[in-house]
Amino acid sequence: TAQERAFQDRIDAGEKIEPKEWMPEGYRKTLIRQMGQHAHSEIVGQLPEGNWITRAPTLERKAILLAKVQDEAGHGLYLYSAAETLGVTRDELFEALHSGKMKYSSIFNYPTLTWADMGAVGWLVDGAAIMNQVPLQRTSYGPYSRAMIRICKEESFHQRQGYAIMMKMAAGTPEQKEMAQDALNRFWYPALMMFGPSDKDSVHSEQSMAWKIKMNTNDELRQKFVNETVPQAELLGLTVPDENLTYDEQTGDYSFSEPDWAEFFEVIKGNGPCNRERLQARRDAWSEGEWFRDGLTAYAEKSAKRRAAAALAAE
Amino acid sequence: TAQERAFQDRIDAGEKIEPKEWMPEGYRKTLIRQMGQHAHSEIVGQLPEGNWITRAPTLERKAILLAKVQDEAGHGLYLYSAAETLGVTRDELFEALHSGKMKYSSIFNYPTLTWADMGAVGWLVDGAAIMNQVPLQRTSYGPYSRAMIRICKEESFHQRQGYAIMMKMAAGTPEQKEMAQDALNRFWYPALMMFGPSDKDSVHSEQSMAWKIKMNTNDELRQKFVNETVPQAELLGLTVPDENLTYDEQTGDYSFSEPDWAEFFEVIKGNGPCNRERLQARRDAWSEGEWFRDGLTAYAEKSAKRRAAAALAAE
Amino acid sequence: KPAFFDWLCRMGDTTLILGHRTSEWCGHGPALEEDIAQANIALDLIGHTQMWLGLAAEVEDEGRTADTLAYLRDAMKFRNLLLVELPKGDMAVTIMRQFLFDAWHHDYLGKLTGSSSPRVAEIAAKALKEVTYHLERSSDLVVRLGDGTDASRRRMQDALELLWPYTGEMFVSDEVDRAIAEAGIAPLVEDLHADWTETVTEILKEATLELPSGTAYAQKGGRTGRHTEHLGFVLAEMQFLQRAYPGASW
Amino acid sequence: KPAFFDWLCRMGDTTLILGHRTSEWCGHGPALEEDIAQANIALDLIGHTQMWLGLAAEVEDEGRTADTLAYLRDAMKFRNLLLVELPKGDMAVTIMRQFLFDAWHHDYLGKLTGSSSPRVAEIAAKALKEVTYHLERSSDLVVRLGDGTDASRRRMQDALELLWPYTGEMFVSDEVDRAIAEAGIAPLVEDLHADWTETVTEILKEATLELPSGTAYAQKGGRTGRHTEHLGFVLAEMQFLQRAYPGASW
């Protein structure tokens, strides 16, 4: 249609689409799915790191980790708010998460088993997230773009903090170094999976790219991540768990082994190490918090009535 | 009445009263109260020691503690069974416990705060319990007397194990010795309270003594306990927390400070450090276990029906 | 000096353990705003801990640090209020505890800004800003949840009954406190009781909650190292890495 | 030798952690008989741990003991099945896990009585007596609670679904297992699968429970040191005293 063409022209011209403006239903739906999934990932992403807050090894590390997890909840807040501009409520999004209709990033279905994982999550998981998110600062939907700008600033801070933990661990006692290497071993392939399936197997991609909801292909971003991360691992004195890793002087690219995509799809299906527990934790938080939310709502209604009555009496 | 006189004569002659035989209602009631309270004490008494099972410092200590707590549950079982011969069911006794109508020994309302408490509980609490229980092997009610005979054998074993822990701790590192002294400081007066209020303030006593439900006065037993325990503390190199403790060469008795009876009555009233938690733990165990007990009952009924049907079919 | 050290540990251990309990909510709160708020409170309290225990280590001057004090003492050496070590319970318990504590904490810090020790006054002034916000927030939530639904009122009332016997400890001085008071470092906590009672009574009234009747037997002992059975489990978890890898740097 | 050590740790760590989980019920069981039974099972399992880890320490011959192995290794060095480290859950989870494990444990120990290692055969023979009783008891309870009320059946079915993905790990061999099998010390665990499936199928059928459908993705890694998030908390609690007071004797 002409409307659709005009819409696409605006996007091609680099204009931002704003909430009240017309947009194709598919654009709206795709954005809701992507932003919702991203928001859910921030919320569920509190859990693997929250797992170590009570066991953080120093007061300073505890404070840093608390601040980080708090930031993640904040990111969730921005993203739910941005998604709400598309006409879906936060509660609807939560329900979709709890019922399993909407997903969150599969990386959070892996457990955090040692303190080094707090380093690996910051370094690799936030690192991969940033790789995905930096281009999204230029995404076509205004509220999403603005949320990503705020988020990216904090995420890169988190990544540096994660890397700092890895440095301490890798330069620490033999046990600490062992933990650091083990964390890299466990998180390397799941981090590569964060960019999604190989381009040839990826659905939704083309239209999303045209709409500037997706800015790069999965494989492009994955390559960029590997190229940046491998030298960082070397600097730490850790070994990337990939025998086929080689550097191509000409392209400047590393070639690397594909992750185990069968595992990826198993985890997506719900069979990862922590799927059940992560989702259950969120469901429990929600259902155990019902009385709390209801209490606040009831009070708000009572207060409104009281104010109205007082206003009436004052007339 | 003549019946009551005959009953008292039998008791005076050292005969045992058996379940089916006639007994005064007061005798029955007093026994139910005393045996029920004793049974409840065994059950609630699992909690303060259970608190350290998952933290026992060696495999052997863990095994010994498990065996001890298991014995306590077993004692509970003997005592509830013995009480049932008086026409009260175990479930009725549980309900009386859970509603607060029946008590358990107040000593279990004190917390176990260090591993040394596993020593102090065995040494002092089981020690005081034995002091109470040994004479009860000669009590007038047959099933109670027989239960006490079995129980006393195991309790004295527990007391020796507790003392062995205290020896290790008192002869250990400065920190261990500090824990041992602290445990003695905390458990000394509560242990003295286990014999009940001073004779002059004690209710129920005279009739119970006549019926041989109670064999000695509170003060007699308390004195005996102090006389036996003080030298044991000295052997450990620990200090009994009583500045007024003196030995009378003539009587062979120690004179000692009275415990703080105001605290005693506060704890009885429910205001001890752990009253709420101990009772809540038992109530929770009971209510959360309802489906379990109901399931077993339902199965038993079904099986009985099936057996009956099979028997009918076989005829 | 030993009294000053002890008193500083009482301050720092109390914020440390409450921070720990608060942080247990991380990712499990009833609403996103609450997740953020709880993490924020925990963060503030851990910050206060670093200051109080840091000063305690300096005062002691035996080579310990805020971290070694936090991570290498066993329960008998901890000096926190019992109130803060009780399990987090439901959000009603968490919020009611926060309120009962904040009302005391806020007043106390206010007085400590006039401490004869400039270091104490400085820490108190920094902490006071944050705690002013904590108290505003917890009072507000107590009112809204108390005067919310029947269910939320019942939970808040239950929480209040549960916690009440542990509040007495905030107002009982011992020799340590008296020595500190004589040195002009801190007021006697008994002097805070009237104001605290007024604040609490007022907020609870607005929240349509009933003040627990009679003078509950005050549970106490935390400030001299006699704790509940809960603290040992908190420390086992909190201190694991420092205990398991002695001397490692993180 | 290193394979033998590793294999012995797999046995001992599994009984240790299951014993820990079982002992958590102490004083909190649904019936007095159950309190006694759970304590008894825990006691047996701790006894087995002393034998397996004792032999492991001997085989290693580097001055460690069953206690230092149990109390001074961190999670990465633990070799227990994931199944046994999952939280105790309700009594349905506890009993269902015990059954799923007992059915494997019983068969395995039976085979181990014919081990080429006389020490292993001896331990297995001792443990087998107790485990025979464990299996009888857990099977019996699975049947009674499965075929009990609707509520008890639902709980047992839920427990089964929860635990099922963790059972696969009992039947997967790696190099350690293969080295042990070649030495005639233990059979390959794959060989136990058919009998286990038969036992389990039969009991579940009698219990009117449904075998979870399809081949669940087996959760695994415990036997090579990749655990769930739960083990760290178990160890923090279990090892506290040995970690906090290094070198003390108890």
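Letters A, B, C and D mark the chains as written, and numbering starts fresh at 1 in each.
Just so we're on the same page, contacts are C-beta pairs under 8 Å (C-beta built on N, C-alpha and C of every residue); 3 or more make two chains touch, one makes a residue touch a chain.
Note that the coordinates shown come from a computational prediction; the quantities given were computed from them, not determined experimentally.
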Item to check | Contact-richer chain pair (by C-beta pairs counted) among B-D and A-D | outcome: B-D
Next on the checklist: I'd like the Å distance between the centres of chain A and chain C, where a centre is the mean of that chain's Cα atoms.
Outcome noted: 34
Item to check | Where chain A and chain B are represented by their mean Cα positions, the distance between them in whole Å | outcome: 57
Checklist entry - Where does chain B touch two or more other chains at once, residue-wise? => result 55, 175
Checklist entry - Counting only residues that touch at least 2 other chains, which ones in chain C make the list? => result 74, 232, 236-237, 240
Checklist entry - Looking at which chains touch which, would you call it a line, ring, star, complete or other? => result other
Checklist entry - Name the touching chain pairs, would you? => result A-C, A-D, B-C, B-D, C-D
Item to check | Complex contacts: residues of chain D adjacent to chain A | outcome: 74-76, 162, 165, 216-217, 219, 221, 226-229, 232, 236
Item to check | Touching residues (chain side chain C, partner chain D) in the complex | outcome: 74, 232-233, 235-237, 239-240, 243-244, 246
Next on the checklist: Touching residues of chain B toward chain D in the complex: what are they?
Outcome noted: 43, 46-47, 50, 53-63, 66-67, 69-70, 73-74, 76-77, 80, 90, 115, 165, 168-169, 172-173, 175-176, 281, 284-286, 288-300, 302
Next on the checklist: Going by the contact rule set out above, which residues of chain D touch chain B in the complex?
Outcome noted: 16, 20, 23-24, 26-36, 39-40, 42-43, 46-47, 49-50, 53, 66-67, 70-71, 90-92, 143-145, 147-149, 151-153, 155, 237-238, 240-242, 245, 247-250
Item to check | Contact footprint of chain C on chain B as seen in their complex | outcome: 51, 55, 111-114, 175, 178-179, 182, 186, 266, 271, 273-274, 276-277
